[in-house]
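Note that the chains take the letters A, B, C, D, E and F in the order they are written out, and that residue 1 is the start of every chain.
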Amino acid sequence: MQMHNKKRIELIIEKMAHKRACRVLEAAGMTGYTVLPAMAGYGGGNRWNRETDISASRDMVVIVSIGDEDKIAEAMLQISDILGDHIGVVSLSSVEVLRPDRF
Amino acid sequence: MQMHNKKRIELIIEKMAHKRACRVLEAAGMTGYTVLPAMAGYGGGNRWNRETDISASRDMVVIVSIGDEDKIAEAMLQISDILGDHIGVVSLSSVEVLRPDRF
Amino acid sequence: MQMHNKKRIELIIEKMAHKRACRVLEAAGMTGYTVLPAMAGYGGGNRWNRETDISASRDMVVIVSIGDEDKIAEAMLQISDILGDHIGVVSLSSVEVLRPDRF
Amino acid sequence: MDVALSTLLSPIILFFALGMGAALLRSQMSVPEAFAKGLAIYLMMAIGLKGGVEMSKNPLTLDVILMLLAGVVLSFALPLIAYIFLRVTSKLSQTDAAATAAHYGSISIVTFVAATEAVKLSGLDSSGHMVAVAALMETPAIITALILAHRGQKREKPVAGSEQGELVREVALNASIVVLVGALIIGWIAGEEGTAQVSPFFVDLFQGVLCLFLLDIGLSAGRGLRQGWRQLSVATVGFGIYMPLVSAILASGIGFALGASAGDVALLITLAASASYIAVPAAMRLALPKANPSVYLTLSLGVTFPFNVTIGIPIYIFLATLVTG
Amino acid sequence: MDVALSTLLSPIILFFALGMGAALLRSQMSVPEAFAKGLAIYLMMAIGLKGGVEMSKNPLTLDVILMLLAGVVLSFALPLIAYIFLRVTSKLSQTDAAATAAHYGSISIVTFVAATEAVKLSGLDSSGHMVAVAALMETPAIITALILAHRGQKREKPVAGSEQGELVREVALNASIVVLVGALIIGWIAGEEGTAQVSPFFVDLFQGVLCLFLLDIGLSAGRGLRQGWRQLSVATVGFGIYMPLVSAILASGIGFALGASAGDVALLITLAASASYIAVPAAMRLALPKANPSVYLTLSLGVTFPFNVTIGIPIYIFLATLVTG
Amino acid sequence: MDVALSTLLSPIILFFALGMGAALLRSQMSVPEAFAKGLAIYLMMAIGLKGGVEMSKNPLTLDVILMLLAGVVLSFALPLIAYIFLRVTSKLSQTDAAATAAHYGSISIVTFVAATEAVKLSGLDSSGHMVAVAALMETPAIITALILAHRGQKREKPVAGSEQGELVREVALNASIVVLVGALIIGWIAGEEGTAQVSPFFVDLFQGVLCLFLLDIGLSAGRGLRQGWRQLSVATVGFGIYMPLVSAILASGIGFALGASAGDVALLITLAASASYIAVPAAMRLALPKANPSVYLTLSLGVTFPFNVTIGIPIYIFLATLVTG
């Protein structure tokens, strides 16, 4: 089975701000992404938990997007800008996909 | 600490169809997988959101399964078949695990 | 855009036991992690599903943590200890990040 | 018309409008999915119980059985008409047209409930077994649609991972059928006396819960419209308005032939005219995964549902009084 | 027996049967987890408040304290009996047997509620402090089970990441204990007058909410059975039926010795005979992670719970009238 | 004082205390988020409807409009005072102080409801339009806070991905405003008669649902305190207590100037004294992402809310009777 190299971006970001990141991904020409709700987390010495914070203002989500290296590079610049203001972590890894034309 | 090379398959697929993919993974001899609910997403120019679609018919899930390269190769063939009919994205990456005999 | 090499640990573990793993990650000096709720899964021949188990005692979560190779090595030892008692899968992969000083 | 106005100004419809307005204005508010689904189960239990208790008061006559049959026939037949209209007037593909047609043969239980209230307000009576008609009309349409979708195509091998009987189980035992039919039978067995203790929950609260639920449906419909209207052509939107009327006329004819009461005929017409937006979309994702959900969901929830609960129902009641003389 | 029949045909039990049937037929319907947990909290608040209000009407006598003590003793003792039965008759490992035994020493609050209704239907009276007995019986069984599980094994070093007092906190402050005991005390403080304003919510709706909740429990029990029955041997299933009867006989003896009212004895018997399926399984995942949840969950929810709410409770009431003669 | 005691011993406050106690004792119990949010929507619908029905009974007078205006002015002005106090007495940064100040200008709808009940218990009357005042007071404070946060800083370019009107939409169309104002208008249109059918749900159950909701708020407040207290200095905690009193005195003055009824003045004071913990924290994550949520959430929910519902409200009612004397 023929596989093709792509990049996978994984962005852990505040729920409140996730639409900003989504807009950036779309603007950079990524063809898709998926948003997963997080349940709890830890960072900078603080813990948060979805069930214990009624305002939900500390909730995080994880955005996964798979696409071409160069489009991702474009998105990264702006994402680093968002992350300057918001809380979050972005990471990049190499993956293989089946249908390269989808991306 | 001795680590061993395995492959990680990440399948983003419609919630309604995820059981099909799960059966395929089981049939291919994968020893386990985990299904994560997605909250929102974007693809083919359309956005969806769990909170706004009462029928939930556009919900996606992410299936993560870690296992042997050759078993995954077997599963990939059938998964590409499912993805011919359903919406979804599959990607493969290299990971290291602790207990190789579990997979 | 300058990227830096880090490791990404992905721990699939029982919800009931996830706090133990979190404490281990914190003790090992990881600067952060994010917990995602899983919805369903399969392992050791058994399936579980969040919606069908009112006791929720078989629920799993996925813990993602990105950090330095050597801190992760420290955490791995203890995590393998937890996994001796609990159900779970741990895997390690290479990722690139933007701001290395955050980790 | 008096009924039309008091329907339009009832809190139930006003909350629907509030939800729809908020979504169109792009408010971020939402009713949590788990909560809305819980309310939906409550509503179906309440509807089923009420129908069952009503049925327990009268024996099962031939008239009732004929009415049940009429519902099944309508659900089988309507998708065929819908499919022809869609293929002739719009550019939808065979699969999309078939999937959309399934929705219009099936029913919307919330529209049914709104009609029940409006019928009562009009001073008409309706029977408990109409709930059974509603439940029976949910699925036949799906079968017709599948035949239409596969017509002229060579039989494909099943999708990897499909399981024997999977679709049948998903469709015939979906939540609304299980709960509606189950509660109907429970209401029938337990009767008025047996259900007295649960009526503060299932009867007294019903209208209020419906308000909350319709706020959520309004939000869904508004968001669907905002996101999906680009996928809809004029021909498709037109279909979302005239198809209910076509179904209504057909059902009026059947109602006339059966000689049923005005209230029951009004409900039969409403069921025929309503389009599914919960059970059928889910079934279509399994059975016709290539069909585009944006088309059929936007149409049934964003166009037909609002049309029915505002303008449609008064028309259907009027039609019913006409044919039952 | 009249009570047995009207118990079996009450909407509450019928909805349980509906859920169980749907699950066994492999329907995909489900009550969202968040909604079901919300209802569970409501039910526990309602039970606690009612018990507290009842208790506020009478002074705390020695009889009440003896009854509380009896519950604690039963919860400590029953797992020992259960463990011996399991080890002798089945092939369960030491850990699995101990974990299962914990469930049978602890209680099921829904079974308790069903018994309360059945007791009322039988024309007997029960006291508010039985809610406190229920709360007190939840946890002692866990301690006995842990001792049994670790018997003869050298003390292991704790699992990495375990925290001092973690288990105690998880168990002693679990949701059902916090809410039950908390609401009991609140009902006691506020009394009948103070709670009058909340009674439309907590009293009038109780039976109806219970229907919805039991639909969900039925679904869980049915799915558990379907997935887990392979893990159960004949000996284990048999245990799920005879163990409640053994506990019942023991509790009857204690009830006789205490000279309590027939209603209270019936409830004590039911508590002894019921098996936990919410609080204890969660505790076992922390305390005995090596034990197999499929065994104990399937047994307590899939076998013992249905047995108790259908056949068991009428037997327990009969036993109670016998010993209080 | 009688009112103070019966407020403290009402089931509503007792359930809040139960939740807070459980959280401080580190119980793991929780009300599922989706369920709690559903209840919050119910409560806001009920409050809005009730206010609207009351308003439909009287014409809209100049007095009402002045009261609405007073609320807006207070919401604009209070953050300025709060900001100055915080900057002078505590070491909070400009951003943190501004974000916290926004919370104290805005309102807590649960505190408002608790005050409404206490006012009724004191034998005073309050008007339906106070609900509108509450809704209007939610957002102006945010604007003041943003001005304070950006004062003296050069205008930054907007964060990548921000959208025109995003914040306004998020804030002005947030769930509580949409539902409160929407339900108010619906109650106004439908009137007493039109809402009669939904009143078993929205009126009779209100107090009970509030108990369940406050159990959850108590859990949140307790967990917030336990996790966040380290972030709070003595000066900040002090602010969480004296700031409500400062706001109360200011609002009393305005109430006196307006010559409103004692009940309405008590509610205005309560609104001024209460601090937001749902709408404003969410807005601050978008608008001032650099501010520390641990500070403002712990303060408003963990310190000010409990202070208000226990000690504060009786004081505010007393103040109101004094100035309207």
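Keep this in mind: a contact is a pair of C-beta atoms (placed from the backbone, for glycine too) under 8 Å apart; a residue touches a chain by one contact, two chains touch by 3 or more.
Quick caveat, the model's predicted, so the values are computed rather than measured.
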Q.
For chain C and chain D, which third chains touch each of them?
A. B, E
Q: Name, by label, each chain that touches both members of the pair chain C and chain E.
A: none
Q. Copies chain A, chain B: same or different interface, half of numbers shared as the threshold?
A. different
Q.
From the centre of chain C, which other chain's Cα mean sits the farthest off?
A. D
Q: Could you find the chain whose CA centre sits the greatest distance from that of chain E?
A: A
Q) So what's the Cα centroid distance for chain B and chain F, whole Å? A) 45
Q | Separation of chain A from chain D, taking each centre as the mean of its C-alpha atoms, in whole Å | A | 39
Q. Residues of chain A that touch two or more other chains: which are they?
A. 22, 36-37, 47, 79, 93-94
**Q.** Numbers and ranges of chain D residues touching at least 2 other chains
**A.** 30-36, 38, 200, 205
**Q.** Chain pairs that touch, as defined at the top of this document
**A.** A-B, A-C, A-F, B-C, B-D, C-E, D-E, D-F, E-F
Q.
Applying the document's contact rule, which stretches of chain E touch chain F when the two form their complex?
A. 32-35, 37-38, 41-42, 45, 49, 169-170, 173-175, 178-179, 182-183, 186-187, 189-190, 194-195, 197-202, 205
**Q.** Residue ranges of chain D in contact with chain B within the complex
**A.** 23, 30-33, 36, 40, 159-163, 216-217, 219-220, 223-224, 227, 277-278, 281-282, 284-286, 289-290, 293-294, 297, 301
Q.
Help me check something: in the complex, which residues belonging to chain C touch chain A?
A. 1, 3, 6, 8, 18, 22, 25-26, 31-37, 61, 64, 66, 93-99, 102
Q. If you look only at chain F, which of its residues touch chain E in the complex?
A. 9-11, 14-15, 18, 21-22, 25-36, 38-39, 200, 204-205, 207-209, 211-212, 215
Q) Which bits of chain A are touching chain C when the two form their complex? A) 10, 12, 36-44, 47, 60, 62, 73, 76-77, 79-80, 83, 89-94
